[in-house]
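Both complexes below contain subunit A, partnered by subunit B and then by subunit C.
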Partner chain A sequence: MNIFLHELKSYRKSFIIWAISMAATAALFLLLYQAISSDIAAFTKVLESVPEALRNALGFLVGSLSTLPGFYSIIFTYLLLCGAIQAMNLGISIVSREVSAKTADFLLTKPVSRAIILNAKLMATLVSLVATNLIFLAVTVPVALSQDPGTNMQLFLMISATLFFVQLMFASLGILVAVVTRKIKSVVAVSLPTVFGFFIVGMLGSVIGDKAVRYLTPFKYFDPAYILANSAYEVSFVVTGAFLIVAAIAMSYLIYVRKDIHTV
Partner chain B sequence: MNIFLREMKANLTSLFFWSLGMLFMIIGGMAKFATYVNSGQSITDLISQIPATLRAVLGFGDFDLTKASGFYGMLYLYLLLMTTIHAAMLGSNIIAKEERDKTTEFLMVKPMSRSRILTAKLAAGLANIALLNLVTMALSISIVGQYSTGEAITGDILILMAGMFILQVVFLFLGAGISAVSRDPKISASIATTVLLGAYLISVAVDMSSSLNALRYLTPFKYFEAAPLMATGGFDVISVMLSLGIIIVSGFATYYFYNRRDLCV
Partner chain C sequence: MNIIEIRNLTKYYGKARGIVDVSFDVGAGEVFGFIGPNGAGKSTTIRTLLSLIRPTSGSAAIFGKDCITHAPEIAKDIGYLPSEVFYYDKMKVIDLLRYSASFYKKDCSKRIKELAERMDLDLKRRIDDLSFGNKKKVGIVQCLLHEPRLIILDEPTSGLDPLMQQTFFDLLREENRKGSTILLSSHVLIEVQRICSRVAIIKDGRIIRTEKMSELTENNYKKIRIETGRITDDSRFDLPGVSHLERKDALLSFFFKGNINLIMKRISEVEISNVWIEEPTLEEVFLHYYQKGEERA
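Entry: the complex of A and B
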């Protein structure tokens, strides 16, 4: 419990800053909604003149843009990017900094098992991420309602919740990376290339509309078009995502209790 | 000279992996192009009718995606994002790592002024980003050339890479400046990348809404965009001046603050 509280306290400032800046970015993008909605109306006119088959292929994409959750789901890609960086930073640093700050011998000589230490750290990560998401929602929901009082809140919240799922995936990946490596000198040097790599794979994949690519990058596990149309997540991706998280955490425990941790 | 060689050696592995990353990006992106081009003309015709703001929201940009050059123009933004992340992290780490790894004392007792140390480190940083730029250029020319059916593309790639290099230098110096000012060596790379991420998000917002056009000079990502560079074949004067301004100011700040700061040992 002490470890948990200590970790939570030391990451408090960091997650509050992250949550507020992500919420501010979301608010900025949401405020653009009204400017864009007129463009959408104009394009819907163009669509009426093209063959029906083509209109169906592209029309849904544009039709969904004309509601606030539809627009939000597309700008949400960039918020997922920020959230993923935060989560991976947190996951890597919470485990690796005992070694990089040379406090590993201090912690490991305490009468608690390594599994309990990792437990406390995982819980602190989870609570930080939950708190981040709650702060984020506390800002974005009022802004969304002010832009469009008739916003479909169920869809809005379902899209917002994908931030939490994606963060969990990146946090567990970060913990696994930190457990596997002997010593990480710079957290961002590991997290940024990884997160941006996944992000770029996802962006290229979405322009092309390639299905298989979606399993490769956590950014594409939640397809906004599917959520908007069905008010549900795609089961196969949720299951894969949950499996990856559980597998990463389980492996982290197995490796961490046996790991040779270098002190001083 | 020793410091320069030492830094080159220390960053060699990382440079290798970044180059490998660029290779995968370009191969992967252009392989997508091959499948995309076969999917037919009609969809691209329709895409070309989407208003510019909507295209930005959907991620298509202003390119003719049926041509290798247009597709590469879209890919360029992501190549730019990768190389500038590399530059920002390199710039801040090359200075901050001495304090982070507690090697400052060792370096500072050498009979060398701090300015000379900085010059050697910045030269090594410049050499690294120049190498990454050359690797990207060579890979782009050879790989995109495979897909461009007779289309002259080398000139376009050269001008894009020149723009990329200016941005790399901008972010290298920004990172170095932040490290020279910041007292905490652990957070300087985070600050540098936060600045970069903020600049990227501003550029996305500017694409989406024409009312934000006034902000375009606030973000370096709008200085050298693929579409105008490929269309005109030259740089926008204001953008070049602004880039030079950022480089000079942050370069000056690097020397000024690093020479005066109480380094933590």
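Entry: the complex of A and C
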């Protein structure tokens, strides 16, 4: 419990800043909805003039622009990108900082097993991400309702929840990367290329339109067009995502308990 | 009862040697010195004892329990001070020490205050505002606050001024009198001589020798160098007890063990322009042990 609280305290400021920044971006975009919805026909026309391949790559769903969740899904692609960076930073940093800040000699010689240390760090990561998403929703839901009181809340929340799923995937990936590597000098030097790499693969995949490519990048596990049309997630992707998270965490435990902690 | 039992402990980092076949015991209440040059394997041995690294083969036990499988249990009664101390920069000293104390199921607040006073440490400052020496003091308090039965110190005195070293050694002696066992690694012979009752000497990953401090100091070698005005007949210095007799131009150097008056007389017979009589360095002590080993073989 003491490790958990210590970790949570040291990441509190960071996740609050991330949550508020992402919520503010979403809110600003949502505030445009009323202005645009009155001219939705003209707006749709403008979008239609964009080549289809580019539209797909950028995630514009022309057909569903007339509803608030559909409109929201455009900006949400990019919020996912931010959220993924936050989650991966957190995952890498929470494990690797004992090595990079050279505090491993302190923490790992205390009378606690490595598994308990990793438990505490995982819980702190999870709680940070849950808190991020709660702050995010606390801002975006009232803004959405103010723009359109008749907003389909189920769809709005389903789209919002994908942020949490994607974050879980990137956080577990970050933890695994941190556990496997001997020492990470700069967290963003690892997280940014990784996250952008997956994002670009996702964009390219949308242009090709190949379903198999979607399995390669967490960004495409939740297709807004599918969610908007069916009010459901695609089971095969949810299962794959959950499996990847469990596998990454399980591997992290196996490696972390046996890892040699070297002097600096 | 032995507090530490190390049996054929071997660690390779890939192909690079860490330690090879290290074995020694430390008895209850002993102050045991672990001495060797940098890179000899002192830290590797200590880090294995603390289960920070896993041995390639062999085993180590503390309090009769295996170091790897029972690590958390053993750690309750160990205080560890690494050679370089690093803590969470943004924390205050007192918060860090409380965090450290929270791992042991006892109230350490009084002890923290006591130790901080002894070490002249300001508890309200932030870790990243501290000098190297002050960080070391935090390390010392952190190491002793839960009154551990076994204190493991890896090159503990670097960064401490001589006065603080004195206070620190006094503290260690008190802990030892109260019953704590101490394992202290160092590459400075004098440091070990000050406090230890027994030493293990490690070089190139292997224990060369384990012996009582008294035996080690009985071999009271002096390193003597004399500068002569002109080159004289050096054979007059070829006495029993003299070894490594070497001449480099006007400088004659050798090691001497035995009655110091004898050699002083011999030196006075020669016209000299300068003389140095010194304690041999650790490397030179090792040289001596290597040769002894070869003679026996």
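The rule is simple: the second predicted complex is superposed on the first by the 235 of 264 C-alpha atoms of A that agree within 3 Å, B and C clash if a C-alpha of one lies under 4 Å from a C-alpha of the other, contacts with A are read in each partner's own complex, and residues count from 1 in each chain.
The rule is short, and it goes like this: a contact is a pair of C-beta atoms (placed from the backbone, for glycine too) under 8 Å apart; a residue touches a chain by one contact, two chains touch by 3 or more.
Keep in mind the model is a prediction, meaning the values are calculated, not measured.
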Now for A:Leu134: first (subunit B), second (subunit C), both, or neither, which partner does it touch?
neither
Please indicate which partner A:Val246 is in contact with in the superposed arrangement: first for subunit B, second for subunit C, both, or neither.
neither
Is A:Thr103 contacted by the first partner subunit B, the second partner subunit C, both or neither?
second
Larger contact residue set on subunit A - subunit B or subunit C
B
Could you look at A:Ile261 and tell me whether it touches subunit B, subunit C, both or neither (first, second, both, neither)?
second
Just checking: does A:Thr25 make contact with subunit B only, subunit C only, both, or neither of them? Give me first, second, both or neither.
first
Would you check which partner chain A:Val112 touches, where first means subunit B only, second means subunit C only, and both and neither mean what they say?
second
Considering only the contact definition stated at the top, list the common interface residues of subunit A for subunit B and subunit C.
none
Within their complex, state which residues of subunit C touch subunit A.
13, 43, 47, 50, 52-54, 71-76, 78, 80, 82, 84-90, 99-100, 102-104, 142
Footprint of subunit A on subunit B - complex, ascending
14, 18, 21, 25, 28-29, 32, 35-36, 42-43, 46-47, 49-51, 53-54, 57-60, 65, 74-75, 78, 81-82, 85, 89, 93, 97, 100-101, 189-190, 193, 197, 201, 204-205, 208-212
Which of the residues in subunit A end up touching subunit C in this complex?
2, 6, 10, 101-106, 108-113, 116, 258, 260-264
Complex contacts: residues of subunit A adjacent to subunit B:
25, 28-29, 32, 35-36, 39-40, 42-43, 46, 50, 54, 57-58, 61-62, 65, 71, 74-75, 78, 81-82, 85, 89, 185-186, 188-189, 192-193, 196-197, 200-201, 203-204, 206-208, 210
